[in-house]
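Think of it as A, B, C, D and E in the order they're written, each chain with its own count starting at 1.
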Amino acid sequence: MTSSWFQDPTLLAAMLGALLPFVSFVLIMVFTRPYPKLSATISVAAVSVSVICALFLLGRHWHLEHPIQYTTKWLVSGELYVPFGFMLDQLSLLMLTIVAVISFLVQVYSLGYMAGDPGFSRYYAFQSLFAWAMMTMSIAPTMLQFYIFWELVGLASYLLIGFYYEKFSASEAGKKAFVMTRVGDIAFFLGILLVLLNFGNLNILDMNSVDVTARMSPALITLCAILIFGGVAGKSAQFPLLTWLPDAMEGPTPVSALLHSATMVAAGVYMFARIFPFFSKSATAMTLFLAIGMITMLLASTMAMVTRDIKQVWAYSTISQLGFMVMGLAAGSYFAGVFHLTTHAGFKALLFLCSGVFIHAYETNDMYEIGRQGGRGLKIPMVCMTLGAAALSGLPPFSGFFSKEAIMGGLAGLHNPIWLWGGLLGAFLTAYYSFRLIFLILFPSKIKEPHHGEHGGHGHGDDHHHAGLYWVMAWPLIILATVTLVLGLFQTPLENFLVGHYGGAEGHGGGHHAWLLYVAVGLALSGVGLAWLEFGRKGASQVGFVERMEPVKTLFAERWYIDHFYRLFLDYVIYGIFSNLFTRNDRQVIDGGIDGICRATVGGGRMLSFLQSGMLQYNLMVMFAVLALVALYFFF
Amino acid sequence: MEFANFPYLSTILFSCVVGLLVILVIPAERKMLIKWVSLVFSGIPMVLSIYLFFAYDKAQGGLQFVEKVLWVDSMGIYYFNAADGFNLPMLMLTGIVLFTGVLTMWELELRVKEFFAFTFLLVAGVFGVFMSMDLFFIFVWYDVSLFPMYPLIAIWGSTRKEYGAMKLTIYLLAGSALILPAILYLFVNSGLNTFDIVALMQPGVFTPFQQKFAFILLYLGFGILAGVWPFHTWSPVGHVAAPTSVSMIHAGVLMKLGAFGVLRVAIFLCPEGWQYWAQLMAVLATCGIVYGAFVGLAQTDLKYVIGYSSVSHMGIVGLGLATVTVDGLNGAVFQMFAHGVMTALLFSSVGYIYEKTHTKMIPELGGMSKIMPVASGYFILAALAGIGVPCLASFWAELLVFISAFKTYPVRGALAICALVVGALFMLRVVQRTFYGEKNEQFEHLPDLTFVPGIPRMILAAVIVLFGLFPSVMLDVIQVASVPFINGLP
Amino acid sequence: MMNLWTLFIPELYCLLMAVVFFGLAMSASPNPRRDYFAALFMAGVGVVVALACVRLEGTLFFEAYRVDLFSQVFKVMLAMGFFLVVCLCTELNGIEERHHPEFYLFLSTCTLAMMMLVSSVELLTIYVALELSSYSLYILVPLRRGDGIDVEAGIKYLMVGACASAVMLFGLSYIFGVTHTTYLVEIVQVLPSVIGTPAAIVGLLLMLCGFFFKLAVFPFHFWAPDVYQGAANQVTAYIATASKVAAVAIIMRVVALSGGNSKYLVDVLVTLSIASMTLGNLVAIVQKDMKRLLAYSSISHAGYVLIGILSMSASGYASAIFYALAYLVMNLCCFLVVVKVAHDGSDLKIAQLAGLHRRSPLLAMALMLAVFGLAGIPPTIGFTGKFLVFAAAMEKGYVTLVIIAMINATISLYYYILVVKAAYLMESDEELPGLPVSIPTKVLTVVLVTVMVVFGVFPHHLLEVARAAARALM
Amino acid sequence: MNSLTTYLFLAALLFSLGIFGVFQRRSLIGMLIAIELMLNGASINFMAFNRFLAPDPIVGQIYTLFIMGIAAAEAAIALSIIVAVFRRLGSINIERAQELRG
Amino acid sequence: MNSVQSLIQPQVLAQIGFAGIVALTLTGALIAVFPRNILYNILGLIVCLTGVAGIFVYLGSPFIALMELLIYVGAICISIIFAIMLSRPLHLSLPKRALPKVGLALGVGAAVFIMLSAIISRTEWQPAAMRSSDWSIATLGAYLLTRYNLVFEVISLVLLVAILGAIIIAGYARRSPS
C-alpha cells in the first residue's frame, strides 16, 4: 500500500483532492487567521487542486469497470475494524466532481461577496472544512466513514449558518439545523449499527450486494432502511425534518448556494443513491420514501408560493426538488434521481448566487423591495436567474427539463398513478412560484427611479474596487449558467457512465411516454402563465391566488405549523417536562436527599449532645441503665 | 542501574512528591520561583508519561515497566507499579492535565505555595492510583488524591466554595467507606494474604458470591467518584466551586479515578460480579447519560453546565464498562481519556472567561466570540467534542461504547444514543447564549487570550484533534489490555 | 535478684522522678524553668530507659507482675507520651507556677501507675495501679488556674471514676467468686470453661467497666468532654494520650481472658464500639471548643480501638496496639497545636484557630495532618491504624461492623474538616500577630509530623513490633 | 439463711442502694457516702466468696483490706475537691455544676 | 420454755444476731441514702458500716471487721464529718428532692439489683476443690509481705498521693478568689 502512494496517480489524486482542504482549514485556523487575503488564497488554492484532481479522476476513470477501493486501518477494536479510505465508482466520481466544482465556484464568488467581512478568514476556514468533509464523504468506502464525514458536513453547516453569530436568528438557525439534522442522524446511526451488528460489515459495496438478503431478514432490512432514511430526511430536509432548511438561509448567501442547495443537502439524496440497491431490497420502505418525498415536495412548494424572501423561495424549492429526487429514487429510477441531483446542483447554485448578487447589492431579501429598487438593472444576474428558474421549472431545453422528465418517467412507471399526479402537480407549482419571483423582480409595480448602474448604489468602497468584486461574483454565474444550459445534453453519456455500473438497474427511465413529456411541459408552462397573469403582465395585482385566501396563506406562510409543533414540543416536553422535572429532581430529591442526610446527621449530633447535659447524675443513670441493659441482654 | 530497568513509574510519582517537598521548603514570598518549580516538576511526569505511552511494547503486551517491592511482609502488601494498556492512557492524561493545569494557574497570586503544594499532593495520589497494582496502595493513593480537594476548593474556589468543598470531600470519601471494606473483604477471603492484584485476579480465588458482594460495594464506592447516577450531585456543585485548574484536574482526571477504580479493582478482581451486576450498571449509566443531558439544559451557570455534561459523559464510560465486551472496555477507557482532555479544555476556557469577566452566568455573558475569539474558540471546540462531533477524540469513544451497548442492551443503548440529541441541544444552547449574539458592552475592553497563556489550551486542543484523527494510536494500546482480559473471562 | 530488679527499672525510674519532684515541691520559691528542664531531662531519659528495657522478659512479685514485650512496648509508649506532654509544658500557663513541681510529680506517679497497670497480671495489683493513676489525674484536673470549670470537671471526673471503679470492683469480686483466683494466668485457664455462667461473663463485663471508663467508651464517656475542657491543656493532653494507651493495654489483657470464645462478650463489645463511634462522631460535629471536640473524637476512637480488640486474634491485638500508638502521636500533635495557639493556657475555641495558616504555617500543617490522620486519611499513621484494625475485624467476618465504622469515619471527616477549615480558610477578625514558635517546638512538630507520615507510609517495622507484642500477650 | 447467696444478695442490695444514692442525692457528700456503700457491697462479696468458695481464705480478706485503703484515699481526694467546689461555687449541690455541657 | 431455750441456742442466736445485723446494715444504708440532711446520712453510713463489720464477723474474719470499724468508721466517716464541720454552711443546704429524678434513680437502681439478683441466683457457685482453712492473721501478714508485696507498697503511694493532692487542692493554696 505504502509503496503505491506516489506511483498510483488515482490514489494520489484522491488523497490530494480530499485532504488538501483540510490542510487549508488547519493552516487558516492555526496560523493565518489574522491575514484574510492569505487565508482566502490558501483555501481557494486548495479547492482548485481538488477540482483539478476531481476532473482528472473523472476523466481517467470514465470507463470504469469495477469500483476502485483503497483502505487503510483507521481503528481496530476487538472484532470491529474501521477502515479509512476511498472508494471510487461512477457515482462517487460524479459527486466528487460536483462538490469540487461548486465549492470552487462558490469560493471564488465569495471572494467578492464576503470581501471586507471581519470573519473573512474564518469563513474560508469553514469553507475548507466543508469541502474536505464533503469530498471525503463522497468517496467513503464504508457507511461508517460516510456517517463520520456526514456529521462533519453537518458541523460545517452549523458553523457556516451561524457565521453571522452576532445575529440571534443566525445562531439560532445554526443550532436548529444541527439539532434537527442530528435527530435524523441518530436514526441513521442506529440504522447502520443494526446493519453492522446483523450484517457484520458496513462496506458500501457489500451492503449493496445480494449478500444482504441472505444475512438479514426482510423486516430487518426494512427497519434498517427506514432508520437510515432518517439521516436522509434530516440532511435533505425531508418531511418531517424539513423546517431547518429555510432558517438556514441566515448564513451568507454563498453558503446557502453551496451547502443548502447544491451539495450538502443533496448529501441525503446522494446517500440514497449510494446504497440504492440496499434500499431497493425493501419495497415497503421504498413506498414510504416515495410518500415522504411527495409530501415534502408539495409542502415545500406551497410554502414557496407565499414567501416574500428571495432566498426562502429558493430554499423551499430546494426542499421540494430534494423531495422530487427522493421520489425519483424511491420510484426506482436510480439514474433519474442522480441526474436530477446533478442538474439541480448546477441551477440551484446558480439561482442562489444570483440572488446573492441582488441581496448584496440592495441589502434586502424582500423580492418586492428588490424589484422596486430596480433589480432588473443587474443584467447578468437577472439573465442567469431567469435561466436558472426556467431550468428549475423544467422548461426545455435547460438541464432541469431533462432530469425532471427522467423522474416523471420513473413515476409514470409505477402502478399507482397518484405518484405521477403528485409529481406533475409539483412541477406546476414549481414553475408557478419560480416565475412569480422572476416576474416580481422583472416587472415591479413601481420602480424607484434614482437607481442607476449595474452594481447597485449602496456604496461601500470605491466604484473601481466594486466593479472588480462584481466581476469576481459574475464569473461563477456565467459558468454555472453555461452548465445549466448544456448539462441536459449530456444525459445519455452520463446515463451510460452511471448506469453501466449497476447494469441497467431496475427500470431507470421507465418507458418514454411521449404524452407525459407534453403534459409535463404543458403544466410547467401553465404555471409560468399563471405567474405571468398574476405578477408579470402590466397592471397585474401582484397578489397570488393563494395569497387571496387568508387562512391558506397563513397556513403556508407558517410552514404548515410544523415549526410551531416543534417549538411547543421543545418548550413543553423537553424543557417543560423532562428538563424541568429532572432538574427539580436533582436539586430537591437527589441533592436534597443527600443534604437531608447530612442535616439529619448534624441534627443527630445536636440531639445526642443533650445527653451531655452537664447533669452528672442523669449521665450516671444512663451509664448504669446501659450496663443493666447489656447485662440483661445476656439473659435473653 | 540499567536503562531498561529505569523506574519510570516511580519517577513520575516521585517527581510529584519531590515537587511537593521542594515547594514546602521554598519561602512563600517567592511566588515566581514556586511556579517555575511547579512547572518543572509537572513537566517531568508529562514527558515521561507520554514517553511511556509510546514506549510500551504492544507486541509483548501485559504489564510492563514493572516495579515490585515487598512493602509490608505480614500483610502481603507490595509497592507494585506497572503499566498496561488501561493505565497508560490515564497516566498520559494526568500528565497532560497536570502540566496544563499548572500553566493555567500561572496568574495566581493568592497563597501560591500552598496551592501548588496541594496540587502536587493531589496529583501524586492520582498517579499512584493509576499505576499501582496493589490494592492497599490503590486505596492509599485514592484517598490521598481526595482530601487535598477540600483546601483547594475552599480556599481558591468561588461560588459557595465552602459548601461545595465540604460536600465534595465528604461525599467522595464516603465512597471510600464502601471501598475499604470491600478491599479488606477480598483480601481476607482470598486466603492468599496478599494485596497484589495480579495474584488476586487469578480465576477461582473468589467464589461467585464473594465477587458479587465485593463488586457492588466497589462499584458504588468508586462509582461515586465516577459520577454514577444518582451519586453525581457532588460533581456540579464541586465543579462550580472549584478554581480553574482544580476543576480541570478534578473533572479531567479525578473523576476518571472512579471509573478506573471500577475497572482496575472491581472488574479485574470480580469478573463474575461484574457480569452479574452489568445490567444494573447499564441502567444507572443510561440514566446518567439521559439525565445529565436534560438537567444540563436548564442550567444557567457555565460550570454547572460542564458539570452536568460530565455526568452525562461519565455515564458513557459507565455504559461502556457495563457491556462486558472488548469494544465497551476500549470505548470506556478511551472516553475517560477523551473526556478528561475535553473537560479540562472546557474548564480552562471558562476559567479564562471567568477570570476576566468575573461571571460565569450564561445570561450575563453573550457575544464573547466577538470579544475573545480565541478563548471562545477553544470552548467551542471542546463543546463540539463533547457533543460527539467526529474526528475529535471523544467521538470514537462514544462510537465504540454505543456499538457495544447497542449490541448488548438494545433499548438502553438506543436511549443513550438518542440522548445525543439532547446533549447537542444543550451544549449548542450554551455556546449560542454565551459566545454568540450581541456582545456585552461592559466586557468589550477585555483582552483576548494571548499566545503564552494560550499554551495550555493549545496543548489540550491539539490532543483532542490528534486523537480524533488518529484514534488507533490510543486504541492499539488499550486493545493490548482489553482483548486478553475479555478473552480470559470465565 | 539483681536480675529481677532490672525488670522493674522503668517503674523505679518513674518513682525516682516522683521523688525528685517531691523534693522540688519542697523548695520555697517557685522556679518554672528549673522544673521544666528537670522534667524534660528526666522524661527524656525515661524514654531511653524504657527503650533500653524493651527486650526484657520475666515475672516479679510472686507472679503478680509480668514483664514481657507487650508490657514493655506499652511502657515505651507511656514514657514517650509522658515525655511529649512534658515537651508541651514550655508555657505551663494553665497551672500556677508554685504548683509546677506537683504537676510533674503527679504526672510521674500517673505514668508509674500506668506502667504497673500494663504489667500487672493480678487483679488486685491491676485495681490498685488503676486507682493510683486515676487519683493522680483526679488531682491534676482541678489544679488548673481558672474560673471554676476545673473543679467542676474534677468532681465530675472523680464521681464517674469512683462509680466506675466501684462497679469494676464488684465485677472483680464475681470473677474471684467464679474462678477462685485473682491471677490472670490462672483465670485464663479457668475462665473460658465457665464463661457461659452469668457471674463470669457479667463479672468480666463489670470489670471492663473500669477500663472503659479510662478509655472513655460509651457509656462511660461522660467525663471526657468535661474533663478535656476543664483541665489544663497539658493535663488534657496527658489524659487524652498516655492514659488512653494504658487503658487499651489493660482492656486487651482482660478481653484476652475470655479466650475469644464468648459470643456474648463480642456482641457487647461490638455494641459498645458502634455506640461509642457513633455518639462520639455525631456529637463532635456540634462542638465549638477544640478540646471538647477532641474529647468526642477520642470517644469515637475508643470505638475504633475496640474493633481491633474484639477481633480477639493476634492480628487484632497487634492492630489495636498499632492504633494506640498512632492515636498517641496524632493526638499529641493536635494538642501541640492547641497548647501553642492557646499559649496563655486558656481554652481554645475552634474559631480561634482562624488565620493559623498565616500565623504559623508549620503548626497549621501539623494540625491538618494530625486531624486528617485522626480521620483516617492516608498517608498518615492514622489511616494505617484504621486499616489494620478493620483488616483484623474483617478476618473475623465482621463486615457490617467494618462498614459502619467506615461510615463513621466519613462522618468524623466533617468535623475534622471544620477544624482544617478554621485553620486554613477563616481569617481572624482582628489582626493577630504571628505565633512565635521556638526552634525546639519546630523540631518537635517536624518530628511528630514525620513520624505520622513515615510510619503511615512504612508501617512494616512498627507492625512487626506490634505483632510480636500481641503474641506475647496471647 | 446463712448461706452464700444471702450475703451476695445483701451485697447486691447495698450496691444498688449505693447506686440509687449516687443518682438521687444532689449533695456531693451524699454521693460520696453512696459510693462508700457500693464499695462495701463489693467488700461483702469478697468476704463471702472468701468464706464459702475460695481455696485460700486470706485473699478475700486482703482485698477487703485494700478496698478500705483505697476508699480512704478516695474519700480524701473527693473531700478536698468537694471543699474546692464549695469554695468556687458556694454550694455542694451537684446540679449547680453545669457549666460544662454540650 | 422450749421455745425460749431454742431461742438461746447458739445457732438460733446466731441467726437472730445475723438478722439483726443485716437489718442494721440495711437500715443504716437507707438512712445513709434517703434523708436530705447530710448529718443523718453520715450517721446512717456509720450504722451501716458497723453492720457490715458485724457481717464480716459472721464471715469469719473479726480482724477485717475491726479494720472496717477502724478505717471506715474511724477514719473515713470522721473525715467526712470534719469536712462538713470545717466548711460551715455545708450541712445547712438542704437541696429539694425532685420526684422524677428519684423515680428514675429508683428505676435504674432496681434494674441493677434485678440484674445482680438474676446473676446470683442463676449462677452455680462452685467451691474450690481444695480449700485451706488457715484464717490466721499471721498468714495474712505473711501474704501482705509476699504475694501482695507490690500492692502493699503501691497503696502507700496511693495514700501519699491522695494526701498530697488533698493538701494542694483543699489546702493552703486554694483561697477563694473573693
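Note that in this section a residue touches a chain if its C-beta (ideal position, glycine included) is under 8 Å from a C-beta of that chain, and two chains touch if they have at least 3 such contacts.
What you see is a predicted model; the values in this text were computed from it and never measured.
Chains touching both subunit A and subunit E: C, D.
Common partners of subunit B and subunit D, by the touch rule above, are A, C. Here the chain pair with the top count of touching C-beta pairs is D-E. Measuring from the average of all protein CA coordinates, the nearest chain centre is that of B. With centres set at the average Cα position, the gap from subunit A to subunit D is 96 Å.
Between the CA-based centres of subunit B and subunit C the separation comes to 42 Å, rounded to the whole angstrom.
Subunit E has its Cα centroid 7 Å from the Cα centroid of subunit D.
Averaged C-alpha coordinates give centres for subunit B and subunit E that are 71 Å from one another. Listed for subunit E are residues 101, 104-105, 108-109, 112, 115, 118-120, 122, 125-126, 128, 148, 151, 155, 158, 161-162, 165, 169, each touching two or more other chains. Along subunit C, residues 124, 128, 131, 135, 138-139, 142, 154, 156, 159, 163, 167, 174, 177, 180, 198, 202, 225-226, 286-287, 414 each make contact with two or more other chains. Residues of subunit D in contact with at least two other chains: 15, 18-19, 22-24, 26, 31-32, 48, 53-55, 59, 62, 66, 70, 73-74, 77, 81-82, 84, 88, 94-95, 97, 99-102.
The full set of touching chain pairs reads A-B, A-C, A-D, A-E, B-C, C-D, C-E, D-E.
Residues of subunit D that touch subunit C in their complex: 11, 15, 18-19, 22, 28, 31-32, 35, 38-39, 41-42, 45-46, 48-49, 53-55, 59-60, 62-63, 66-67, 70, 73-74, 77-78, 81-82, 84-85, 88-89, 94, 97, 99-102. Residue ranges on subunit C touching subunit E, taken from their complex, read 60-62, 64-65, 96, 98-99, 102, 105-106, 109, 112-113, 116, 124-125, 128-129, 131-132, 135-136, 138-139, 142-143, 154, 174, 177-178, 180, 197-200, 202.
Residues of subunit C touching subunit B in their complex: 357, 361, 368, 372, 377-379, 383, 387-388, 390-391, 394-395, 397, 399, 402-403, 406-407, 409-410, 413-414, 417, 420-421, 424-425, 458-460, 463-464, 467.
Touching subunit D in their complex are the following residues of subunit C: 124, 127-128, 131, 135, 138-139, 142, 148-149, 151-156, 158-159, 162-163, 165-167, 169-170, 172-174, 176-177, 180-182, 225-226, 229-230, 286-287, 292. Note for the complex: subunit D touches subunit A at residues 19, 22-24, 26, 31, 94-95, 97-102.
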